[in-house]
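Shared between the two complexes below is chain A, which has chain B as its partner in the first and chain C in the second.
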Partner chain A sequence: MKQVLIIDDAATVRMYHRQILEEAGFGVDEAINGIEAIEKILSKKYELLVVDVNMPKMNGYAFLQEIRSKAEVYQAPAIMVSTEAEERDRQAALQAGANFYLVKPTKPGELSSAARLLTGSAS
Partner chain B sequence: MNPLLQQFLSEGRDFIEQIGQKLLILEETPNNEAVVGELFRFVHTLKGNSGLFDLPILTRVVHAAEDLLDRVRDHELTVTSELTDDLLSAMDFVVQLLDEIEDGGTIPDTYLPDATKLVDRLRSLLPERDVHEDEEGAEETMPAPTDWSWLSRLTEEQRVQALAQTPADQAIWALFYLPEPQCFFKGEDPLLLLKHVPGLAGFSIRAAQPWSPLDELDIYTANLAIDALSMADRAELDEHLRYVPEQIAVYQLPRFALAVPTGDASEVPGVYADFFDRARDCLGRSDMDGLRVAVDAMLDMINPTLWMASALRWCLCLQDMGFDTSVLAFHLEATADHKIPDWFLFNRTQSASLNAPDKQAAPIAVEDPKLPAGTLSDMELALWDRIFETQRQFLAIPSASAQWGGRLASVYNTLTGLLRAKGDVQALAALEDAAETSEQEKSFAPLLEFLDGYGPIAVCNDEPLAIVAEETVVPMVVELAAERQIRQDRRAGEGAIESTRRAAEVSADKAVRTLKVPQEKVDRLMDLIGEMVVAKNALPYLAARAEDVFGSRELGREIKSQYAIINRIAEEMQDGIMQVRMLPVDAIFQRFPRLVRDVAKQLGKKVRLVIEGEDTEADKNIIESLGDPMIHILRNSLDHGIEMPEVRAADGKAEEGRLSVRASQEGDRVLIEIEDDGKGIDPAVIKRKAFEKGLIDEQRLDTISDADAVQLVFAAGFSTAETVSNLSGRGVGMDVVRSSLEKVGGQVRLTSEKGKGTKIILSLPLSMSVSNVMMVDIGGQNFGVPIDVVVETVRIKQSDIHIFKQRRTAVLRGRIVPLYSTDELLASHNPPKPNADGEYAVLVARVHGETVGIVVDGFAQTIDVILKPLEGALAGLAGFAGSALLGDGSVLLVLNIKELI
Partner chain C sequence: MPLIKPVKRTDTPDVTASDSLPIADLLSMLGSELPEVRQSALSGLVEYPEAAAVLCRQFESEQDAATRDMIAVVLSRMGGAQTVEGLLPLLRSDNATLRNSVIGILKELPAEVAPHMEALLDNPDSDVRILVVNVLESLRHPKVEDWLIAVISVDAHVNVVATALDLLREVGTDAALPALGGVTTRFPDEPFIAFAVNNALKQIQSAG
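Here is the complex of A and B:
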């Protein structure tokens, strides 16, 4: 089963994304901020990261930059999710190291399909 | 309830709690950037969460608050106490909405006008710049009501006409108009306004609130709720409604939502079975003419006033209007079930299915990598293109060199996923080459070249081709991927392994986390351990029986030794469970800053609240019982204690009053001190008032000490306020505070120094689960008396009892003690009997600071019991504190002496 890490400070959103991704056949872990996420990534391989922007301690941008500069970890595709629908927010996500951007609330079909497309590779 | 919604509610409440606290901090220190950031994040997250559900009213209010805080964050708006007020009341409103959702699963439309008002208010605080833009945003998220039953109150003709007259690309508007109750006095005429609504296709009027009884009915107050349908242009509609925008909400209605069958619902079930089979068959074959013929034939046969006839006419109408088969099928199935079609549900599922992954069409193997994905649905293809295109943009963004390698690898991994998902395994080799070259040349150019060169190849719909591709290419890809992984691992080196291990250790340490357990589960444990304690108490009886009745001393001893073990375990268990129920007093205290702030503001006073010891713990029930009394005490201090700033200044005190709340633990009790530096209590005033109200007699008036006099504020029927203010003088005084604390075994004391301030000390047990009671014999039956009221037990000779002021009294240790006999307290007909020496058993108790004697028949031992409040029909018996089960299975009633006297 392919593993996805959901990084979001809102428990409700984590639960929502977990439901969608588990339904789509993924194994799901959660982290509540960038720092916790990095800890998890260092100890387990994830094939996809679903990253919120606004989080305490370490936000999504800082987290992605941190991860993208760590040569030792698997550089999983990352979807950044945010309530902002503007182009500059999307650009900021790519700038930080996200490979795709989805606007919250994510549509179940969109998130599960994107997750499957992004992880279509064999591990 | 849906667990996600439950999660949302509980997280939402946490957020609002936090938001409230942060707002208060911000009011004090408006430039605290860190707090602004946190505050914004909480509100933002709350909004994001609410967006997951169909809760437009809530989302809108939170969104408005978020917009304001966004401006605060951007330094375009400073936090004033007015802004704080508005944001706090918005959060209060949100709490109301959360309560509604918790109770009913949804937010009733009746909240709409208030929400609109609140949002308008919040938006009016926004600096000019973006008001217009934001208004447009608000219009998009205009919440839709959930109750559409009014549509069926419009006639079928009205609705058919409305549908027929509206071109498919034009909207139908639903108006929800709630005229202000006082609108008649403002020259508004709701009916006239309504009748002139452009494009009006029909309306329905109902009472906004249930009508009050006829003799109380105020005919000048509008109690109308109006639903109306309009086909006009939106701009025209807004123009017409411009004077009452806050009273009207406008929604766009899906056109097919008008198809609501009405009429006589009496049917013989099953009669139409053949018809529906035929109709389904026609729909399945898209044979529209066939369907029409079938419906027409059916309509000819049945009475046109029937509900079914109406439904069939709608079927024809929908067909005429050119709706597709999914709409017709939905309508037909609802009709077959004799149900009104839930068009709003249909509308939601329609839009959802556009986004939902089509499981049939998307056989992307998640589990088995050898299965090449072939066909993607249209939706997925579109998404594929978007992701693909995003990688090109991603590579075009200049990036820091530290992240360069990671970014390249992430694009490589992403593209690998995309290609595999599409089943285009041939391209993987080219991708691998491009990535390799990119890495060697330290440039994204080769990878970009690959992206540019990657034509939009046809998706392999051709099955044989896909199979060939799988057989020939997949093994190579796996090899390549494996090789790449090895290379990555090698590059990572030893350091990575070390850090991995460290991370694993850290996360193992953190594995012990807080558990969130529903309260009922803990309560159930508490109940069970209570039963366990009682059950275990049966063992000593059993031991005694083994000895006395069955004559086996040895067995009796064994039972006793086993009892000692069980007893110890049960006590530890009880202790452990009680620990779980312990909450910090902060659960109550955290409400105070807001309360003190609001009340002080309302009174025009300046007050600084200091809270100490908020982490002191006590049983949940004790904590909860503290809330109302403490609020009452704080209000009293603010209202009557702390003076107006001018008065304080004149008295040489700081203008800002100080109110401190301190909690601490002392032995098995929690002490809470509430102290103000206000004007204090004048004992002379208290004495006079108490005397005027007949609470003390003349003799006592002369002898009572000042310290005792101030305690009189706790007497029932005492209120020192000269005028009744809306804050503390609500007809309930400190006596209510005292009695509600006493209910949980608490005590309250007051000390005050005139001109300096007042201190109130509450003392509460840490836990209320185990009570120590003394058993007394009254008329041959055992009753319990809580040990904390018992002062002593004495025997008094009949001759030492005197009648004084129509009451039997006795002199005990130099004091006159009034005696009450149990037959008068319990209205029994068995007056207590003296013993052989002519002595009465008297239980001396301290009640309301007075010493009284209760004459009983005899005393028994004291025991620990689990006191349970009386329930059901007995709950009203204030004379009993509750009941307890004894070890022999009998029930002990525990007296509430305070209430009895």
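Here is the complex of A and C:
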């Protein structure tokens, strides 16, 4: 089972994304900010990261920039999810190290499809 | 030939006694190119609430992370209406780190933020309203639930409502149940809203 780490400060969003990804066949862990996420990815290999933008302590951009600069970290693909829907937001996410950008609220089909695509699980 | 260690000339002022300097000198130091001088100015400026507006502008433009963190501490301690009014426009910044820092400071100033809350929740920018709902999270104000109920009842933007639902799940009481029942009707095509409403209903009913 491929492992996904959901990084979001909103509990409801984490639960919603967990339900979608578990139904799609992924194993899921959660972190509430970038700092907690870094601790988790240093101790476990994740095949996919689902990263919120606005989080306290370490936001999604800072988190991705940090892990993309670390050679010792497995460079899992990342889906950035945000309430911000403008093209400049998508570009900022890709520049920070995201591989895919989804605007909240996500639809179950779009998140599961993107997750399968980025993890090579597409059927 | 004697070895003479060259003395490096510097215009660095004495930064050890900034507490006793007048505000004009401290504001001048705040314009220094040296972060340590700016930081020294900040330790003195905490005694001058009238410097709040300047500090908010410096907070937006400050490039040195340690100095920016120090400004955040000073503004949190300083509080006051000028601080809140200086910070609120920064919620519209493109800089996510800055926005999150502003939220962090505003959360420390519940009494000063509360009078602005209704106007902030009417802000035409939905991104600002989302950030304002995030500020409500730790505002510990008796009207928080009322504000959240108003948001889920009337706000037209799905992500503002979604953010309010997440918080209402934690702080909501039976008073929120009628409004929760109406949210899915307003957003019938949003699976996340249906999920969040069910979650909030379950949590509130199990706690009640």
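Throughout what follows, the second predicted complex is superposed on the first by the 120 of 123 C-alpha atoms of A that agree within 3 Å, B and C clash if a C-alpha of one lies under 4 Å from a C-alpha of the other, contacts with A are read in each partner's own complex, and residues count from 1 in each chain.
By our rule, a residue touches a chain if its C-beta (ideal position, glycine included) is under 8 Å from a C-beta of that chain, and two chains touch if they have at least 3 such contacts.
Since we're looking at a predicted model, the values are computed, not measured.
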Chain B versus chain C as contact partner of A:105, first or second or both or neither: both
Contacts of A:88 with chain B and chain C, given as first, second, both or neither: second
A:25 touches, of chain B and chain C: first, second, both or neither? first
Which of chain B and chain C A:12 touches, first, second, both or neither: both
Chain A residues touched - chain C or chain B, whichever exceeds: B
Contacts of A:120 with chain B and chain C, given as first, second, both or neither: first
First, second, both or neither for A:61, with chain B first and chain C second: second
Those residues of chain A which chain B touches in one complex and chain C touches in the other: 10-13, 15-16, 19, 54-56, 83, 104-105, 107-108
In the complex with chain C, residue positions of chain A that touch it: 10-13, 15-16, 19, 53-56, 59-62, 83-84, 88, 104-108
Touching residues (chain side chain C, partner chain A) in the complex: 94, 96-97, 99-100, 103-104, 126-127, 130-131, 134, 158-159, 162-163, 165-166, 169-170, 190-193, 195-196, 199-200
Chain B residues touching chain A - in the complex, by the definition given at the top: 3-4, 7-8, 11-12, 38, 41, 44-45, 47-49, 51-52, 352, 354-357, 362, 364, 366-367, 369-370, 373, 379-380, 383-384, 386-387, 390-391, 393-394, 397, 399-400, 402-403, 405-407, 409-414, 416-422, 477-478, 481, 488, 491-493, 495-496, 499-500, 502-504, 506-507
Interfacial residue positions of chain A with respect to chain B in the complex: 1-2, 9-13, 15-16, 19, 24-26, 39-40, 42-43, 54-56, 65, 67-78, 83, 91, 94-95, 97, 99-101, 104-105, 107-110, 112-114, 116-123
